[in-house]
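The letters A, B, C and D name the chains in turn, as written, and every chain counts its residues from 1.
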Amino acid sequence: MDINEKYFSNITIRERAIFEGAISMGALFHQFIGTPINKQSVASLEIAISKSLELQPAIEKVEVAIDLQKLDEAMSDFDYVSLSGEMLNVKIHSKVEDILAIIRMEFIEELNYPLMYVEEIME
Amino acid sequence: MDINEKYFSNITIRERAIFEGAISMGALFHQFIGTPINKQSVASLEIAISKSLELQPAIEKVEVAIDLQKLDEAMSDFDYVSLSGEMLNVKIHSKVEDILAIIRMEFIEELNYPLMYVEEIME
Amino acid sequence: MDINEKYFSNITIRERAIFEGAISMGALFHQFIGTPINKQSVASLEIAISKSLELQPAIEKVEVAIDLQKLDEAMSDFDYVSLSGEMLNVKIHSKVEDILAIIRMEFIEELNYPLMYVEEIME
Amino acid sequence: MDINEKYFSNITIRERAIFEGAISMGALFHQFIGTPINKQSVASLEIAISKSLELQPAIEKVEVAIDLQKLDEAMSDFDYVSLSGEMLNVKIHSKVEDILAIIRMEFIEELNYPLMYVEEIME
């Protein structure tokens, strides 16, 4: 079966790059939010998040930065917290043929919301 | 702040409809996979999935159908199972201005994979 | 196979009731944290959470109350938020033979932590 | 506040060790089921799972083994799959004062179910 022909011929290459990156960003947020975390575990979680999402179709690179100051501000008496959207800053590089879309998530204080948007498209 | 102007002026309306629908499909899968389920709880879970994802930007309607035969085939001795990708058939209607994108997820046996694709775009 | 004989003969009935209730409380938190929610979707999510966790071994009843004031305080500019531990107040009734354990989760401000504990055991 | 006095004086030390280990096992399953995985990402995911759950109260050590044969059997045409209960074999060491409880999860083919039980208690 030619998957591209059968399922993706109704959208452009650029749209496909955006589509695949957006899926992975939604996936990342809802898979890992809630994970127990503190400063000692940040690095291992960032690596696991990247390596798991990089397996998805078209995903070339996933850059995850967990905000240590936000982590510190949220800290509980048990010396860890649940990972939340406020702490996450992510770039997903999604490439289909020659088009690279960089999908971004960052917490926007003014909106009190972890906004996902298309940061850049390189054609 | 004009969010559309600041964050989304680099993509078309059609691309934005695809983008928002794709985020919600990735979110849906990774939020709810693993939920305990049997025939008695199917309806309440389908409703909660729809109502939660319909809150996300641009999402007009979320149609979720959990495959009862697949559910039955996966059944454990404890009379429930964990929701898995094989059981899910979903349509997400994402609308930005006058453009409606219908994002679909269905399990494709030939690929052994819950494929997400753009089923239709109405302009 | 006699599951109780093979896997649970090394603990008491009371310990088993605690064990099964604790599993379901950990499961509930980590399955549903992150779900998009606002006042309009609260009821459907509470029902789906209860009905799914009540499927697990020994679980007789799951009472979920999402705190509307906390929900309101966390609200974003997009009219929904991600479900977080601050908003959850849960009682899980776990019964093995004649022993009922009530497992509780509530957010303790003083600890900045969603504490899980055994609220009561009725023998 | 003396948390132990206030919230845990109604159960024994042994029960508390079982309780905390059971919470973490339920948490582990429902946090990480659904994560994209293949052979190349197994090690990083096992580490992140261990390091995150070891942060929870009383948890001394979390041993996670993802079954590579089961992973291979579930493989899709996209060279990765979603982590499922069939693939997980976990031991959680929960210690309260001098009592160590080892909580186990393993997939039991005969039950078609990822069973959680108390493997051993050392007093």
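Operating definition for what follows: contacts are C-beta pairs under 8 Å (C-beta built on N, C-alpha and C of every residue); 3 or more make two chains touch, one makes a residue touch a chain.
Since this is a predicted model, take the numbers as computed values, not measurements.
Checking B-C, A-B or A-D against C-D, more than half of the residue-numbered contact pairs recur only at A-B. For the pairs A-B and B-D, the count of C-beta pairs in contact is higher at A-B.
One simple way to say how far apart two chains are is to compare their mean CA positions; for chain A and chain D this gives 25 Å.
Chain centres here are Cα averages; for chain B and chain D they lie 28 Å apart. Chain A and chain B have CA centres that are 18 Å apart. Counting partner chains per residue, chain B shows two or more touched chains at residues 27, 29-31, 34, 78, 110-111. Across the complex, chain C meets chain B through its residues 27, 31, 34-38, 40-41, 44-45, 47-49, 51-57, 78-80. Every residue of chain B that touches chain A in the complex is listed here, in rising order: 1, 3, 7-8, 10-11, 14-15, 18-20, 22-31, 110-111, 115-118, 120-121.
The part of chain D that touches chain B in the complex is made up of residues 29-30, 33-34, 74-78, 82, 84-85, 110-113.
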